[in-house]
């Protein structure tokens, strides 16, 4: 069975497991107050080229979104997001659970365009009734988006400028950040993200770790008593080292970038296969998710030998499916797909 | 440095790490829908001797308490707990965060006595104003308690009977359940817990795992759409297998009980050391936590060579300190303490 | 100054104040447990022609929406509403405040069409990922809508049927219900509303009362311990009689309908004035709110002599404005507008 | 039937109703943006002798507590209160509903003593684990308390000093504030309250109004966008004038104080009656609530002719009952009680 269903279907990159084994018997303080966490934080700050960055480790993506958004918003504020954003649709209402509305906006290929945000904010403050409305208190974007697409540096710069004009933070959900940074055509670096966003997270779960996300506040703007907030949300690990050790491994010898580059290369090869065989793409994704249109008959035929995801129907006879690559994808698997098509 | 500060200061039991390594490359479905989780659930059910049990894996203890309590309580209900209960004091308000009051009651050595609960419930329903009050919707106990103490079978039976009389569930927080079950004097088995409680969790984090707790609903009473509730609380792991594999290891060849028995034996040896040397205990704990009273001078003297926890002051010259054993404690470490005293 | 700004700009209908005066010295129980509340509830049930109806009085509209929706939804559910619905936009996030998402849908003249709802529900349950999404747990409509428009009996029947098919309640926000029932062209009666909806409220504040809304559960489906839920939301009046007495007056000798009919008649006269003078309407509203398009110059000119509401810009030179009538509107005021135009 | 059951069993003081009648036809802006509210606010500020005071009107007491506490607390904070405080026991969890814990402390005759608060705060910050606990973010007191007792000026000054030392606000629930200010022995004035508390409310509902409480922030410390917060909690009245007009009446010609003084005088007369007849008091209350111990036989005998409240059992044969006076209590009613005993 060829495995392209998602980027979280296997364990962890070998180097991460090895690091867990090596450090296993060393006693440390609990709750993330250990030397492994400290070391990992330093390495991440260095990669961000941002001495004012503050790093905190959390377990998962929805958890990170919920905690960061809840910690930064005032009680009467909501968060602006694309209607296709993960927080808008696929987190079971985790943001509303904390009392905050997701202010959903139209998207372009999964992206929230700067003009959309600016227009909304301008209108909001011009509306005489805005005291009866949810105040926009943050902008949420994902990069890569849920469609695998990427913001250009210019778009990020404009989003950042709009946010600063209206004095609300820009938050970037980087569940798959590595794949964005290693995408062939991108002009956005980790240092750019750490300069233009007020807070973002570097996804570990979907980029080779067993679990874990590194939340980065970029200008010493960690909310006061953030550890208590994490605890209050049920998200504080007693063995916080589990996250520190993994991110220490990911940010040693550029493992994080190597994993991401590999997955992107595999995705490019896979796109070549589809292109050669004449399959059209539903959307142009430059990262590790590929959205391709298959005839239903073909889809059914190959399904027994390759795992992929259903995305949506196109018409009676065609379907959009999603193929995802990861650190564990091999060129043999790509050849396997080629043979199948 | 001798290490008795807590039972979460090292990684995981070797067998757990080995199992993670062995299974690492096998692709599975995400979100806990994998064969490892299924297998672990079956093993736990068997140990519980309860075919109606339903098992769900979560990451941490506060998270489990928050989700179970929130999922079972109706919106206008609160949870009865000892004032020393973990949910009352050391979870940063994680229960109130979900809108529910913790109805704190007096304790006896950390235990919530059946009479206390019965008296409260009786009075509540007799009070003509109870419509203006928080309805008691659940009883929370921890076993072992925060003081390392244990309920007797008779106490558990009475608590269970009182809860059933008032038609509210009994929930047992088993963050350190193994140490309770392997305690020398206990008459409570895992099957008893699974028979008398409506829901409980088997703690993994503090009993040899990297992370993870196994929540058990004992009579097919998992709340509807529980996975959605877990997601809404930000607690659903994409790589749910991380929990399944660990619990599969813990419940293979009685590893969970072996780990627990070892820690309890080490604790008994350590208690012997303190007894021999004439140190009084603050409380009689039959599990892996020992609360002993030290002269401050002594405490300061040994602190450089042994790690332990501060509990509370007794008087100007004496302090209660906590020593904790785990799967990783060795008899050499016990001898080390003896030499120090 | 002619007063068409809103329907809550004066005190209460004279008969309501008289009734408050007459009953003022009579001692009663608190919290709505008085004979006036009982009497008013009976009268409302009679008008609803529904012996299974249960009536509860609350103070305001947003409060009623928040409490009814929170009381009926399970914790992981959200409420479907038109994107123009009051709960979607103008209640400052009062629904999200209680942890529930508003699932906003496209509208037609402010109305949520049955097909829209059916399509959404069908798709939701067909989506393999719906466990990661907010479950739709209720349908919210307002009648009249925020644009003054009305559902036809057939539309209400279809909405009701769709809700029943998917086993979720239909909730009707009747902040201005009287104006809908007394509209010239409507085929919807109060008995229809009480038959087709699972819960609705009869607005008092905007239909002649000082404050107050009558929430009606239509088939003995009041949520358990509803009084406690009301208290928990900070909405229980110590002097609950204030609401009972007012609704008793409103439902004595058809005062509620008389007030509503009067306002609708005044609105029809006012529409005639605008029509005669050649002003186009932004939307065809058959109730007490009129949305008319004025040239900006005209708008500025008359603004000093007549109060009305700004709605939205049409283009550089034209604006939609809202004129609202009420129990207190006089034909002299209508003539005043005619003179001005 | 003699009526001593509570102070909210009749309508409103005659002067309030008259004022509602006089102003009924005058059109105003909605949502409290009217001249009556403005005027009432000015009068209250004058009585507070505090030009920095900011006044906001809300409908009820639990609502005021919920909104003030939620608006002032940071998300990870709780509110310190006596275990007998209204927010601790009789508000159906309205505070926890907003995510905040009530940190319940021992009381003395219903009062939260300054030493209790200071001791708690000192210990909290000394506890090495306080990051895992709810942060104390406010002190709540009621004056008069739930037992009708009063703080001395010195006690209020000390509470205020402790709060300022720890930089948390002092909040006074004045549901029955008038009765406290007009108590014979008190040395606390309204100006003292407005000087020593950071926020408090002047109760209207239980002091002669139909409904309404005046929340006073004492040093221009109204939380930002407070109107939006009020709306979000479902507490914003469309006809805000209903509150403004009533408080304007209450603070015209000292009506508020006159009503309060009358009720206190009636209570003193009633206490004389009980004293003469040899009935012991359960607690010494200097305000409008009297807690007296009756033989059960006597209690049953008089119950058909006088309404009073059950408080608690003393022993098999005796019961504490509560008699409450108000603006509407007459000396004839006092004589009626004398005749009965």
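Every chain is named by a letter (A, B, C and D) in the order it is written, and numbering of its residues begins at 1.
Just so it is clear, a residue touches a chain if its C-beta (ideal position, glycine included) is under 8 Å from a C-beta of that chain, and two chains touch if they have at least 3 such contacts.
All of these numbers come straight from a predicted model, not from anything done at the bench.
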Of all chains present, which has the mean Cα position farthest from that of chain D? A
Select, from B-C and B-D, the pair of chains that is joined by more C-beta pairs in contact. B-D
With chain centres taken as the means of their Cα atoms, state the distance from chain B to chain D in Å. 42
Distance from the mean Cα position of chain B to that of chain A, given in whole angstrom: 33
Taking the mean of the C-alpha atoms as each chain's centre, how many Å separate chain B from chain C? 50
Note: chain D residues in touch with at least two other chains are 76, 91-93, 97, 99, 131-133, 228-229, 231-232
With touch defined as at the start, can you tell me which chain D residues reach chain A in the complex? 70-71, 74-76, 99, 131-133, 135, 224-225, 227-229, 231-232
Counting only contacts in the complex, chain A reaches chain B at residues 1, 3, 5-6, 8-12, 14, 17, 20-21, 23-30, 59-67, 91-94, 97, 205-206, 210-211, 228-229, 231-239, 241-242, 307, 328
Residue set of chain A touching chain C in the complex reads 76, 78, 89-93, 96-102, 104, 128-129, 131-134, 310
